[in-house]
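There are two complexes below, and they share subunit A, which is joined by subunit B in the first and by subunit C in the second.
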Partner chain A sequence: MIKIIMLILSLVYVSHIFALEPLAEEELQQILGQGGVYLSGDITINETGGPLNDVSDVSNPPIWQQNCSVTSTNKRCGARIAVNAGDGENSGWLVLDNIRGRFSFEGMTLKTRVIDTGFGGDGALFDSDVLEIGLPNTISYSNVSFTLANSSKARPTDVGFNQTDILNVKIDGDVTLRGNLLLFPTGNP
Partner chain B sequence: MLTHIMINSLRFITLAVLPILAHSDLIPLNDSTLKKIDGEGIGIILEDFVYQAGEQANGGTFEISGLENSSGQSVVLGISQFYVAGSNSNRGVNVIDNPVNLGRLQYPYNIELRDGNDIAITDKAVLELAAPKKLVDLSYFQTSKENRVERRFPGKQAASGQRVDRITGLDETIFSTRGSERADLGIRFDLEVGGTDAQSLENHVKGLAIDGSYVRLWGGEDRVEAEVNFNLYAEQIEFRACDSIGTNCGDSVNFNNIGIEAQLGDGNFQPVTFEVTSAGQFSFLVGSLEGKCPIGTTGGCEAGSAKLRLEEYYTSGPSTNIYVDNVRIGTAPVNTVGNFGSSTISNLQIQYLEVTSHDL
Partner chain C sequence: MNIKKLILCLLGTLLPFSVFSLERLSDSTLSRVQGQSGLTIEQSQLLNIGNLSYTDDGNSLNVQGLRISSQTDINASSSQKYVMDITTDGALSVQTTINPTQMHIDGIRINNSSGSFGDLTLNFESITNFTIRGMSTGGLEGSFTTGISNADMIWQTNGHAMSFNNIAFNASVNNFTFEYDAIDNTKGFIRTGLALGMDNFDFSFSTGALSLGGVSLGELSGDLALSANAQVFGGGRNGVEGLTLHSQVNILSDPENYVKFTDEGNSLLMGDFSGFLNLTNLTLDVESDHLAIGFDQMDGAFNAGKILIGDSSRPIGSIELDFEFTDYIDAGNNANNRYNRLQLYPGIREPDFNAMPTQIKTYAENFYSGLLPTSEGLSMATQWNLANAEASYIDDGRRVVFSGIESYGSADTTIDVRDQKIAIGMTDLKGSYSIDGLRVGSKTAPLQGGAELLLSLGVYQAMDFDIDGFTEITAGGVSGGGIRIDGDYFFSNTNIGLSIDEYEEGIWATGVEYDIHLRDITFDVESDGLEVNRGEQWSTMDIANLRWGDKTSGRSLGRIKLERFEQNSLLAISPGGAGQVCVGASATSEAACGSGGGRWENRGNQGMTVALVAKFADESKGVGDSAGARNRFTWENNRNESSLGEYDNDSGTQIIFDNYSTNDGLGTSDDNTYGLKANLNIDVYETKVLKKSTGVDENGVVGSLGEELIYDDVARDSYTYVASPNASQKALRPLGFAVQGNVSFKELNIDAVQLKHPNIPTPQTVFYGVVMQNLNLTTNLTATPIQ
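This part shows the complex of A and B:
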């Protein structure tokens, strides 16, 4: 009995195959793969000196323990990015130092879009797809700070370390950022 | 058993026949479609873009510190407002509902890896960061030329030729076309010296375009080398100082209808370098032309390819032109005190430039 049911089912399967029909161009044009992604983000960089810093239990010191509260000026609390545009050994480093704080945003969108009108007449000529990143209107900064500096060595622990801080930037509050960021391939083959 | 074989056979036949049943058409791509697809670079456009930050605009804290004045007092710049918006923002008053399109679909901001041999940077892969191209691929400066016979250096042979005499004007159509793509941007900040508010300064740029600007970067002998083309066109750049509360402002200094076309560096013949020295000091260098040709007995270049290359450099190499239609204080009319008229720097060529920082 089961075998008979299976046979019938397999015939049903075959009849479905024969129902496949090619879609005409006009029909295909009606089908839009709409959709997108909605993103919210909350990024914290070394707000309390990074994940290794733990002052909760002084009797059992982990790798290091530092006071990295918001008001602390301890430079070991922040992240450091050092860039060398020369030949390494014989040149110095441009540094973003003591990077700390928290950024958060909500409502960033990600989708594709066809542009064939607008843009002062460029849209019709362009007539192509773009990746659209919808900016989140507001980005909240919470005690974000960084220092721009020139340094003789990549790390503060290197021998002969010498650093000149140029300026410090501190942002605590909202920043308005509206619009869409459009990305697409270009180039001259 | 037989049924099993039947089912399996049926499945096999079905799967074998399936591709024949699927009528999909391979359509040839025509030239106009193909030429759009190459994927060499990434185009970037900011559509309906608005940016605004600052203590007065959005509350909170936004400050730059670590600076000192000549008496050793610490100076803090509290940023009241920093904005990027569409034109006619009225000094940053009309920002939020006044967006701007940065970049255009046909000529976007572009990040691209280029073959150095195509752009006179021999045998290098070049990273190019470029602003939108100009609508017209020509300088916006109108110049007049004249025939001159002069000595390039005292005691050397006189040479004659057509030289740019002066800039007679700027093609000001750039200030009246495609207004939605020209940005207003500005910054207002309060100077806090030694803990007390000292003064409030403002800087506003109206109708800014940087069409045709680019930075090209490649790996040189032992450092990053660059070629920079910086173009700036603005309807107005304004500087203004106010009292510590930000009211009672003085007259503003206005630079109206400005054009700057600055070219720095000439491929790897004269590269621009940007680095920090081993002593931790910042250094910016436009390469020297010294020793680019073998010196002959008369003190000049010996004839040959090196000399031809230098001649090409002087004829059509990188140069800088700056034109300001009108500089004035407040609204001072032409031919009055406070109206400085038009200013021009034309055909400036940099043969060597070194800028370094020093600790005070």
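This part shows the complex of A and C:
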């Protein structure tokens, strides 16, 4: 019962506060109506290769068995994604190959909250919950690289495999990302 | 029959008649026995009682075929010896030696029930000492020790047995009291009852094996000390007769006490206990077809300072649990009343199969096939209402509290022993649970969000459920002892809170139907942890609406359907977290980490490591029950609205990720020994939380962009923002879960990505395959709950 009383009182209280005037974006960033999670850390892809590169695993095909140190430039040491957007067996594959690198960040937040004010009056009209992804101010890229390619087959081990690299990308440095990403359902479910 | 009559009956049954046939000694005879050691009685006993009844308001609990005999020959007498003496302080001292004896009960029934609870056998031998004396205030007091050895306890239903073999039990009570002066007025009138007290009830136990059909599940042992008071009154919850009990139990704090389960020499251990338990109005009544047990309130605390999984040198931390089960009466609507009750029925009460969802009905019928109304077993109807619980996990002194845990519900359950199996059937398990949020640092810290962090362990923040499930437990894991489980379960009318607040607003999966099938799931304790091998499992989680906001009226993202099919997947839980970690750089020393731009963290020795191997199977691998099972993800929206806020499934547009599976790198025809591996090292650790904008925050605290949130003291209820915290300030950083994770696979293959329009019968393919290979993704993440 105490929860119900608190909820009713808080709704009455909140409706008076938020009805005063639209909030600036800076103030909106501070609204923490509900709980959530603050995430920090790093994500590293294939720093020392992947499981197919393990030379001690005799089940791995020879083409994948490579010595993948942190500084290795061997193109088989990265992760690989091949997508067939054609008509199956008779078409080629679009490939993101040799994916490696580290992304580190401080302060990505994840929470749900109600938007019922602000946004130039649109908030009151919206009056619904959103999933808010609070972007970290900075994401650091360290040795992030990948290759965009076309391939005749999905796997390097497939018979008739032939791949043409289109471009290589390597990124080091910081990217500034500020603000929030709001996710919410819309349209007919 | 009231409690006094029951006790007198039992005493009359158990004590030898020769005790009461003594004749008065003459003065001359008495003068010759002075200074001798007392009275010794040796007795042989073969006891056969056809029916022993306890009657309550006209209903009888019947113990049938009670026999006390020799262990080696059930037609021969067992032997006992009693040595009695009067001690110098006037106490009666009795030492009882019971040579190997068997006590057997053919069956226990309620009135003339066709089914019984099964037959029970207890083999044992024991030596017991007790002294008893009168108290100046009336009543009796004394002390007690007993040692039971070479004991077996066997429960048998329909010719199949579960047994605890080679039991040893030792217990002592420093001082017990027995008085008739307890007063109770909980029923609206005053009644007097027995007051029982035990000071330092210290006991230890061990079992050589817990066996099913001669195969061991493992061994149990423990050591615990309690002090307890109880008040017993005549009259139960219903009618005039019955039994009521209040009790207050303290678990005496002792680092040496423990409970241990051992499998092939490797143990799960929980120890260093402390806590208490209070019971109010525990009642016992015999009804027309069941034994009714209930309580008004049970509250307590349970703390375990030491938890070991396999590796005896590495504790995973400690836990503390505060809980309160209490009845809830809604004066305005009886339908909302919630109770704590247990009804025990003899025999197997089969559920109404026709009332079951079709997805589980056939499995239920097969589960109960072969059982009759006369079959032996145990049936239960259960209700519970957990008003509140707070569960703390403490890792290297850092505490996280899962706060505001509430749950209520009811269930019908049957238990019987079959051919080397324990069969547990559960139907209409209906109820709800929720977790308000987290408190970090202390039990009194402010309530925060973050309970969604449990999602990584497969635990949802809240759930309304209606479950029918059938489980068979077999002895024997992958090697030697251990436990194997086969089961079929169906969740209907289920709502799952994925990320919600204490007002139950957030992201909900609603209208969920969840169909789960498990085969050959084995649990083994290994030298380095607990290992769960999942032989085969397939499931379908069909979410009618993924809603934002309220679970009934929130906006819906549409329908989500997740089908899973795994073979030979594995889950291992082992002690110890990440230890020393470099976050943001690649280094193995603090100096190298700092120079590389990273942050060095020593997360301590405690913590937990969860290693998951998910082997997603290609749809061609299913046979028998699992034929046609596959891994598939479907998202559907733009459906027809059948009623306000409700939508018809399969009437909209779908995107389908069909038949995804793992393999060892050569395609779906290759082996699948590697699977998808996810290793998580989990610790509770201080986290660097930065202010994301300059100005005043929601709690009125001023700070600048990039400054760190630092608590003012260990109470962690106020904070400031600090530009460059020193070492002592860093120890007051917010606590959170620090997870060092690694996800890897050799190949993850998706057969097709498809789109389906409602006007066409089969989906149209967008991508004729997605092949992902050679991924090794490592994360060092700290997740801190925030307000």
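The rule we apply is simple: the second predicted complex is superposed on the first by the 134 of 189 C-alpha atoms of A that agree within 3 Å, B and C clash if a C-alpha of one lies under 4 Å from a C-alpha of the other, contacts with A are read in each partner's own complex, and residues count from 1 in each chain.
In this section, a contact is a pair of C-beta atoms (placed from the backbone, for glycine too) under 8 Å apart; a residue touches a chain by one contact, two chains touch by 3 or more.
These figures come from a predicted structure and were not determined experimentally.
*Asks:* Quick check for you: in the superposed arrangement, does A:Asn150 touch first (subunit B), second (subunit C), both or neither?
*Replies:* A:Asn150 sits against subunit B, while subunit C stays out of touch.
*Asks:* Look at A:Leu167 in the shared chain and tell me whether it touches subunit B only, subunit C only, both, or neither; answer first, second, both or neither.
*Replies:* Only subunit B is touched by A:Leu167; subunit C is not.
*Asks:* Applying the touch criterion given at the start, work out whether A:Pro185 contacts subunit B, subunit C, both or neither, answering first, second, both or neither.
*Replies:* It touches subunit B and subunit C both.
*Asks:* Now for A:Leu39: first (subunit B), second (subunit C), both, or neither, which partner does it touch?
*Replies:* second
*Asks:* Regarding the shared-chain residue A:Val175, is it in contact with subunit B (first), subunit C (second), both, or neither?
*Replies:* first
*Asks:* Touch check for A:Gly86: first (subunit B), second (subunit C), both, or neither?
*Replies:* A:Gly86 contacts both subunit B and subunit C.
*Asks:* Have a look at where A:Asn67 lands relative to subunit B and subunit C in the superposition and call it first, second, both or neither.
*Replies:* In the superposed model, A:Asn67 contacts neither subunit B nor subunit C.
*Asks:* Please work out whether A:Thr109 is in contact with subunit B alone, subunit C alone, both, or neither, and reply first, second, both or neither.
*Replies:* In the superposition, A:Thr109 contacts subunit C only.
*Asks:* Identify the partner contact of A:Ser128: answer first if only subunit B is touched, second if only subunit C is, both if each is, neither if none is.
*Replies:* In the superposition, A:Ser128 contacts both subunit B and subunit C.
*Asks:* Which residues would you name on subunit A as touching subunit B in one complex and subunit C in the other?
*Replies:* Shared contact residues on subunit A: 3, 7, 84-87, 91, 93, 128, 130, 184-189.
*Asks:* Write out the stretch or stretches of subunit A touching subunit B in their complex.
*Replies:* 3-4, 6-7, 10-11, 13-14, 17-18, 20, 22, 84-87, 90-94, 115, 119-120, 122-123, 125-126, 128, 130, 135, 141, 147, 150-152, 162-189
*Asks:* Looking at the complex, which residues from subunit C come into contact with subunit A?
*Replies:* So the residues of subunit C touching subunit A come out as 437-438, 447-453, 499-503, 505-507, 545-549, 554-559, 583-584, 586, 637-639, 641, 647, 652, 664-667, 671, 673-674, 677, 687-690, 692-693, 695-698, 705-706, 734, 736, 744-747, 765-787.
*Asks:* Tell me, which parts of subunit B touch subunit A in their complex?
*Replies:* So the residues of subunit B in touch with subunit A come to 3-4, 6-7, 10-11, 14, 17-18, 21-25, 35-53, 55, 57-67, 95-96, 99, 101, 104-106, 108, 110, 112, 178, 180-181, 222-224, 273-282, 357, 359.
*Asks:* If you look only at subunit A, which of its residues touch subunit C in the complex?
*Replies:* 3, 7, 26, 29-32, 34-53, 59-61, 64, 70, 76, 78-89, 91, 93, 102, 104, 106-107, 109-112, 114, 128-131, 134, 137, 140, 154-155, 157-158, 184-189
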